[in-house]
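Chains: A, B, C, D, E and F, in written order; residue numbering restarts at 1 for each.
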Amino acid sequence: MRPSGRSPAQLRPVRIERGYTKHAPGSVLVSFGDTRVLCTASVEERAPAWKKEGGWVTAEYGMLPGATHERSRREAAVGKQSGRTQEIQRLIGRALRACVDLDALGNYTLTIDCDVLQADGGTRTAAITGGYVALADALATMRARGLIKRDPLFGQVAAVSVGIYRGTPVLDLDYAEDADCECDMNVVMNEAGRFVEIQGTAEGHAFSRQELDALLELAGGGIRELIEAQRRALSG
Amino acid sequence: MRPSGRSPAQLRPVRIERGYTKHAPGSVLVSFGDTRVLCTASVEERAPAWKKEGGWVTAEYGMLPGATHERSRREAAVGKQSGRTQEIQRLIGRALRACVDLDALGNYTLTIDCDVLQADGGTRTAAITGGYVALADALATMRARGLIKRDPLFGQVAAVSVGIYRGTPVLDLDYAEDADCECDMNVVMNEAGRFVEIQGTAEGHAFSRQELDALLELAGGGIRELIEAQRRALSG
Amino acid sequence: MRPSGRSPAQLRPVRIERGYTKHAPGSVLVSFGDTRVLCTASVEERAPAWKKEGGWVTAEYGMLPGATHERSRREAAVGKQSGRTQEIQRLIGRALRACVDLDALGNYTLTIDCDVLQADGGTRTAAITGGYVALADALATMRARGLIKRDPLFGQVAAVSVGIYRGTPVLDLDYAEDADCECDMNVVMNEAGRFVEIQGTAEGHAFSRQELDALLELAGGGIRELIEAQRRALSG
Amino acid sequence: MRPSGRSPAQLRPVRIERGYTKHAPGSVLVSFGDTRVLCTASVEERAPAWKKEGGWVTAEYGMLPGATHERSRREAAVGKQSGRTQEIQRLIGRALRACVDLDALGNYTLTIDCDVLQADGGTRTAAITGGYVALADALATMRARGLIKRDPLFGQVAAVSVGIYRGTPVLDLDYAEDADCECDMNVVMNEAGRFVEIQGTAEGHAFSRQELDALLELAGGGIRELIEAQRRALSG
Amino acid sequence: MRPSGRSPAQLRPVRIERGYTKHAPGSVLVSFGDTRVLCTASVEERAPAWKKEGGWVTAEYGMLPGATHERSRREAAVGKQSGRTQEIQRLIGRALRACVDLDALGNYTLTIDCDVLQADGGTRTAAITGGYVALADALATMRARGLIKRDPLFGQVAAVSVGIYRGTPVLDLDYAEDADCECDMNVVMNEAGRFVEIQGTAEGHAFSRQELDALLELAGGGIRELIEAQRRALSG
Amino acid sequence: MRPSGRSPAQLRPVRIERGYTKHAPGSVLVSFGDTRVLCTASVEERAPAWKKEGGWVTAEYGMLPGATHERSRREAAVGKQSGRTQEIQRLIGRALRACVDLDALGNYTLTIDCDVLQADGGTRTAAITGGYVALADALATMRARGLIKRDPLFGQVAAVSVGIYRGTPVLDLDYAEDADCECDMNVVMNEAGRFVEIQGTAEGHAFSRQELDALLELAGGGIRELIEAQRRALSG
């Protein structure tokens, strides 16, 4: 039995609110249950120094100090981003670049800032899922303003976690499950059901090929629902 | 005429939502018009090393990168907090300590994190005004849990900005006014109408004693309304 | 009774020695009693990146480790400037810019370095008062060398602290008073008696409007004397 | 056809030299073809502050500046470890902890330093594979010295990369393949053929479930050979 | 001919002013011609963590930004001490420890802060020579206060630079000579004429054994005069 | 008697292996007994910003954490290079520049990275001696590729340590001697027997002129052998 009472293949309630703040051309508050992440997409007219042609999409991730059970230290005050933060923001960036034609971006850099207002497990998968919508909104604004000619966006990208909790493969782990699971995996897929990224870790319990298959199955189902939720939000 | 159409002594609409997030014992979303700041108050069982007795109240301030017109750089990525950030968080901390009996706090440190979700001028005054409510909620929780015996809170503290915009003293400047004003001042006062902090700056136009008096008058009126708004929120 | 035996409205002996070191075009050792600050004004041919036209005036502040009662840590060794240091150097820079026409500065940046050789309260007000003289000397050198055509300096700027010490408003607090006062305020004014900056803080005792008026009165008198001392030094 | 002329399921020549340096209790130079990583395992009598009981195993990763085609910047001189470095050393640490009973380690911390002397693709998988042997040697030394009572090591752990190069799934990518592949995956498995970690990324080409299956198949075969190479080295 | 008109074996005028500032128990302004360094010796009741017994003597060095021909950057603002600064402060610390019995220091650390107010070549040798006097004053104060029982100071230590300027070995180089010399050497000696430290560098012109002998001869003569100047200052 | 059984004027076995890694144009593993340093020379097409003409030669030094008796902390993880590291790499750079005509280098910077794989005393002297060979190899490669026209290298440079161990002057100290010696000196000389750099330190025992002479004599003999070893390696 899951702590939340959900069935193994059941997502938490997903909410995607567009236009949450007013300055950034894309601004989305995404909720996976009690996990709430504010994703804003900003546009700057510069490409990274190391790139000869085309634009760039990158992500930054942060956790508000009060977002967790125990207050976490403010990374700006500590003076550096933790390894965990860097790992997550690199993942978000790679995932979102997987559905953008960078050449069509011209000389622009889009930064997707994902700041966790409230954490309850799965912040990185919520960030990717909501970040995609913020990115889509920012690109639409760019086209409307004539900054780019053709749409650099192809397909969709969403992410979900899966894991083995007390022997059972489950979808979309919340904090209570995450803190106590035997192995967990973050899966990023596109709208065609293909894999963009898989990151599975088993500190406690090395998982068998059969378990892996079951987890991927669950993830596939969750992603289909999230892709659909993105569509509804964007057409809303 | 003010860009917003307000009269010189008119505050922007003020909203104070308690319990905005669930983990921190005090969590307040405060809005001064389009300026929105999330203030959370967290409790840790430790006093600062340099303090021999009693507890401590401190504040940290941050601006989400997407909160401003142009994306601002993430301080955690830059590797340090700017001078502006430090100045603001030191101000918030001093202001809130002015209404707390630190000896009654025992061995606890309260940290008030003020993170700006959307900036439109006056983020530090909103942070102090909302931070007070988050602090009050956290202290109430501490008493309810028996962590402290008597209430360390005495009185109230709120803050507002005033400035001279195109020759006229005005209350509670928004970004359009702030970017274009001749002098601006942040005033922190308590519920008895006494001053806790005054910070007035005139880069463009040195102000006369008469102008100063007019500004302090405006500030006094604004603070009375904010003190009242805090009361309503806390009794709500 | 003040620890130093001064009357409430009495400044400490003020000394302004020009040409204290030989390399910088402006170099002033300013003393407010036992507080001694070395202010040098250096000229570099570059404007800050973010400025499209005109020059810039900025300040940096430091405390020699042996300048205080207990040795303070060297910020260069710690690896960053404290919040207090940044707050002070930002204040000095704003204050001095208030009497300079930046457009007349061409493409030059003037940096006023204020290093405290001995601290006894009021280091930031001494730094502003002495820094003004160093700035004036550097600008005179620039004109003599033909680097700038017209004098960018208009008026004068000086600063002094005031505070309530054991119930009495007093002028120009020394360390013994500063460590034990109920509220203190730094006031920057120009030669016309107008305010350039006011920073008043009351951690212990919130101050009334009447007290504020008394403090501003004292400050005004002190500033007049400092403005006069600057004039004497510059004509010496 | 692979640039090296290898068949798709063929590892590069693997060499594991124990006792490469003399101070660390475990010191292994591991080569996967031209990739050479020096792995040393050091023992310190301290557990991390946040751990209440038992010991800890952690890893640090570095790339000598001259190890790559173009000289890379020295991270010690830059002043921080890159996100890539942190990601890799976190992966190595998790992988190696998967075969250690931390409770049996007492109050000791083992650090596995993995420094790349020469890079030609697959440095992290070589580091895990060689780091395991250094770890085993250090633990044997600890037992010989009576520092620990029972053997904390259970099973073996090795790692290999797989990817799709010009449409064909291949094992153990070298630099020429890595720089030009459509998707690549690092797989960590134990001696029982179970998964400890999977990290697969597809920036260019999202991969299908069938492709994933083919990659995992290849990885399984490679790991079996590496597990065998570790055994031979340890019994040598 | 030397730019200053001095003969090859002639020191610049040396001045050692004790009691230059009032807080530190040792405070000396030392001048070697136009080079002026403020040396303060502070006492803290703590020994470094890595030392099991006895006290410690250490030094820190800094250059005020306005002390040089062109303003140098403030290391506190840059965020780290340069390699040159660290090299110099390590040298000063080693030199001064050579005349202190650390066991007799009890649990105290003395820090000698050497801050250059005006630079004209030879700042490190002036710092060692003046730092010795500040150290002696601080130790005398410690004995007078009963903090230590026996005098930890044995002998004296002074330093001077020598170099080959336009083919001629000269003593105590000023900036004009330093910037244009073929090889320069800093020599630290004690009152018995023995060597504490020698650091000679020849970027331009590798020096012969004969040249080395001539330089050491000059240094020996200079040190004798400096040792005498220290004695006079301390008995003054 | 020396711990190693060597006679006072006897070097440890010296080995210089060229082509130790394949990417850098110069790559040398140098051993002075158990001290092993990997020196790679890399070429980049850029000159330092502060240089108007000609190229540059610089060095960086690092110690692998597992290279020492007790694991040393990784400087990249600590976030800065220690004073010792900076001192050493500055010395290596100066020493190697002493035999290079920088004007003949065109617009290129050569970086000599010296990473200690195993430490047993004398790492900096081994680094200079081996770094010279790596530098020579890189310059030969540059000429072969037509990047530079004439050979910028003139003469040779090598380094050795000397010290007084239990009253006897000895050559090329190993760790056991280094940790227990009364004074030690690093000497850099060229193939003509002239001095490029001398750094002698006596924390414990100030040394006499006679002792200095004996040490320099020993150093001269050691350098001759090292110069010969370099020649053999380069002609091998």
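Everything below uses one rule, namely that a residue touches a chain if its C-beta (ideal position, glycine included) is under 8 Å from a C-beta of that chain, and two chains touch if they have at least 3 such contacts.
What you see is a predicted model, and the numbers here were worked out from it, not measured in a lab.
The fewest steps needed to get from subunit D to subunit F, moving only between touching chains, is 1.
In terms of residue-numbered contacts, A-D and E-F present the same interface, as over half of their contact pairs agree; the other options in E-F, C-E or D-F do not.
Farthest from subunit E in terms of Cα centroid separation is A. Most remote chain with respect to subunit C, judged by CA-atom centres, is D. Centre-to-centre separation between subunit A and subunit F, using Cα means, comes to 50 Å. Residue positions 79-80 of subunit E are each in touch with at least two other chains.
Chain contacts here close into one cycle, and each chain has exactly two touching partners.
Traversing the ring of touching chains from subunit A and stepping first to subunit D, the chains occur in the order A, D, F, E, C, B. Of all residues in subunit F, those touching subunit D in their complex are 21-24, 27, 34, 36, 38, 40-42, 44, 60, 62, 64-69, 71, 74-81, 85, 111, 113, 115, 117-119. Here subunit E touches subunit F in the complex through residues 80, 83-84, 86-87, 89-90, 94, 97-98, 185, 189-190, 192-203, 206-209, 212, 216, going by the rule given at the top.
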